[in-house]
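Below you will find the structure I want to go over with you.
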């Protein structure tokens, strides 16, 4: 077993620096790498490009990095829950590249799987396709989209082991698996770090080969964005 | 819950006919859809194109279809365990397209995921790339390979439910998941058909949406090709 | 099974109190398009309401692009789980037979046309089936989320929207003025005034909302409106 | 952990009795190239033997392209499972920390260069790094299996083979005569005679097998052989 365990988020984020490109898992505030984000905020590094489906809210998730103006560019599919984001974007301080959600997922997967580019129908005929190669296959039009290149991927899983194996929970899975191995270094934080051999090899979502560093995260807030409930009758 | 359960392999293979293209899961004899193969043999349909990593052995797996000369063309990555196969190939009765194993997997996945084609480095500069488009990305050469088009995919899983959800076991997983939803109709046979709700939604390998018909297979032989063991000391 | 969903969605709807009757009517009419055995992706807004009115004698599964198939009702108070949400970031539950998966597999379902019906809102639809629903230049841009993947992939797209915008201008146009979400993809539109099919020749009027005249629909439709024979009233 | 594998592989090797000493020697020499923390894909034949000789004080995981990472020794008699095999279709076991996955993910590991070292056999290697190992025209063609994906993707490929074929002809050529498996991909070759690096200028001799002279290696090498300075003997 190749040991990927590090003891702290500081060890896990070793090597981060200004102007790097990061991938960050999560959909809304669900399944975001809370510990890594906090460490990035504390580090004070700036000029970051962040590839993440969303940009958090004003006071949580990537919003924390935005507050401190550490992000130069966001690559996302949906960013609408964040006033500071809006201010920075409209003032031109923040560069924003909006891309379709499935394209975002697949450009991560392409990087993970060694594909240079993919042809997707999403965005054909729209401004998303401007300046990009388009091509017809079987009478349908597709846009050529390239694999992402990133320095670090920060993902959050439910359970993991020192071999780097990961299991995600519910819809907190989202973009986390496709970002594993899609950057030069993948850092996984987990709620539970279990002994090697405890996870069923048949039920591992991401094998450890895609993960370089793993640590047990602390103090998960797991904030809910839209608390919708029903009453017991 | 949308019910995919059928009661027999005959119901499951309804609609098969001469000259169709089938995908069949399995690696060697591991994880092959034994019940479906038997039904195809019994049906007597001919002129088949079979997309399958291997071609079985003389008296098991796809070898059974070869014995009855039902296969017109094989698309595989490795076919070396089968005398009848060799005879038919050398005599020209059988058309064989050999493609790299990773390309085979990804051409299935492309069909499943709605991608028309992929760029893979495998086979560049070899006869596999002859007549195909090649292209450079970042200084490396890739070959354009197209998504498969198939009429039926026959897969074998370990556990499944009437919603079509599947869980595979060990390396019997192999090509089975990527073939689900990669053909017009996906037929899954399972060793255990469990009540809907029993499978953990977090641990399902293939969601039921990719499966059109599911049934409980019978009399699995699960033959071992290379029985390698060690002695207890 | 659906009964449970229906009851729940109604609860939330009643609670909100801001659902206009015609939005409910649109949802009710669209619900009739949902067939037994359909996998359905519902957009945010009016489309979400459709789940309330699907017939109870058919089986339908709802997919949410953030990674769940087999969505159920909202959780009971106190049972909500931050790890189980829908694409609108709302806490949800799952029904028996549900599954969770990653974003790549979710869009494999969508792009690979395994989802049978996509219902979404729009700011504008053009008579050639173009749709615009993600961006108003100069205003805050929230992003397209999964909408571009959905409209580029789905064979069966129904748009749920009001026939005109707040200023009274038609949203059914000769040509979209806003940045497009997808081209030539919308097949059917259900508005507060009409059911319209998008054909090679333009908007074809299929049904009128109760009490609405063909003339009123014509007036509210900027694009070419094809009216052939008697136009029946919607049966909701 | 590796100790277990080693013991096991040795058992199977002893049992077979058909392993030539030089093949074992090749495997032993290649084993020295395996570093701590490596994920390794081993081809069939000599490469499989490499697992026997990896240092016991380092951690290595073996990947098999049919869908397993963390392969262990063969199972005890009676414990073999048809659902747990390697790419050679042999029954295997897994070690703690192992995982199973589908063929697409397996080749994501390979194509995505997450596997650190690929060791495979060859029929021919050319001085530009081309490799041929899957087809002899006119003879039975078994297929390339995963070899083309492996050689097209891996950054670190070591070929394990005899220096000459059964007819005594060199397998290290100016140009491959057989259909290629991949182009310009081989970095290192370990044969029964030598350790050779593939450079821009051709085969560079790094080490001699014990007792083998530079002249003997030159004679057995059809391609350009670069000999610079004193060539040390392999340390096995």
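Going by the order they are written in, the chains are A, B, C and D; count residues from 1 in each one.
We adopt the following convention: a residue touches a chain if its C-beta (ideal position, glycine included) is under 8 Å from a C-beta of that chain, and two chains touch if they have at least 3 such contacts.
No experiment lies behind these values; they were computed from the predicted model shown.
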For this session: Would you mind naming the chains that touch chain B and likewise touch chain D?
Result: A
Problem set entry | Shortest contact path, chain C to chain D, counted in steps | 2
Exercise. So which chain is farthest from chain B, going by the mean of the CA atoms in each chain?
Worked result: C
Seminar exercise, completed: The chain pair with the larger count of contacting C-beta pairs, comparing A-D against A-C, is A-C
Exercise. Cα centroid separation between chain A and chain B, in whole Å?
Worked result: 33
Problem set entry | Whole-Å gap separating chain B and chain C, where each centre is the average of the chain's CA atoms | 36
Seminar exercise, completed: Averaging C-alpha coordinates per chain, one finds the centres of chain A and chain C separated by a number of Å equal to 28
Problem set entry | Contacts with two or more other chains, residues of chain D listed in rising order | 68, 100-101, 104, 107, 110-111, 153
Problem set entry | Touching two or more other chains - residue numbers and ranges from chain A | 109, 114-115, 120-121, 168-170, 201-202
For this session: Please list, in label order, each pair of chains that touches.
Result: A-B, A-C, A-D, B-C, B-D
Exercise. Which bits of chain C are touching chain A when the two form their complex?
Worked result: 8, 11-12, 64-68, 73-92, 100-104, 106-107, 110-111, 130, 140-149, 152-153, 179-184
Problem set entry | chain B-facing residues of chain A, complex | 114-121, 137-138, 140, 142, 146, 167-170, 201-203
Problem set entry | chain D contact footprint on chain B (complex, rising order) | 27-31, 53, 76-80, 86, 89-90, 96, 98, 100-106, 108-109, 120-128, 158, 168-178, 205, 222-232
Seminar exercise, completed: chain A residues touching chain D in their complex are 1-3, 109, 111-115, 161-163, 165, 181, 196-197, 201-202, 204, 207-210
Problem set entry | Residues on chain C engaged by chain B in the complex (per definition of touch) | 1, 37-39, 59-61, 63, 68-70, 94-101, 104-105, 107-115, 153
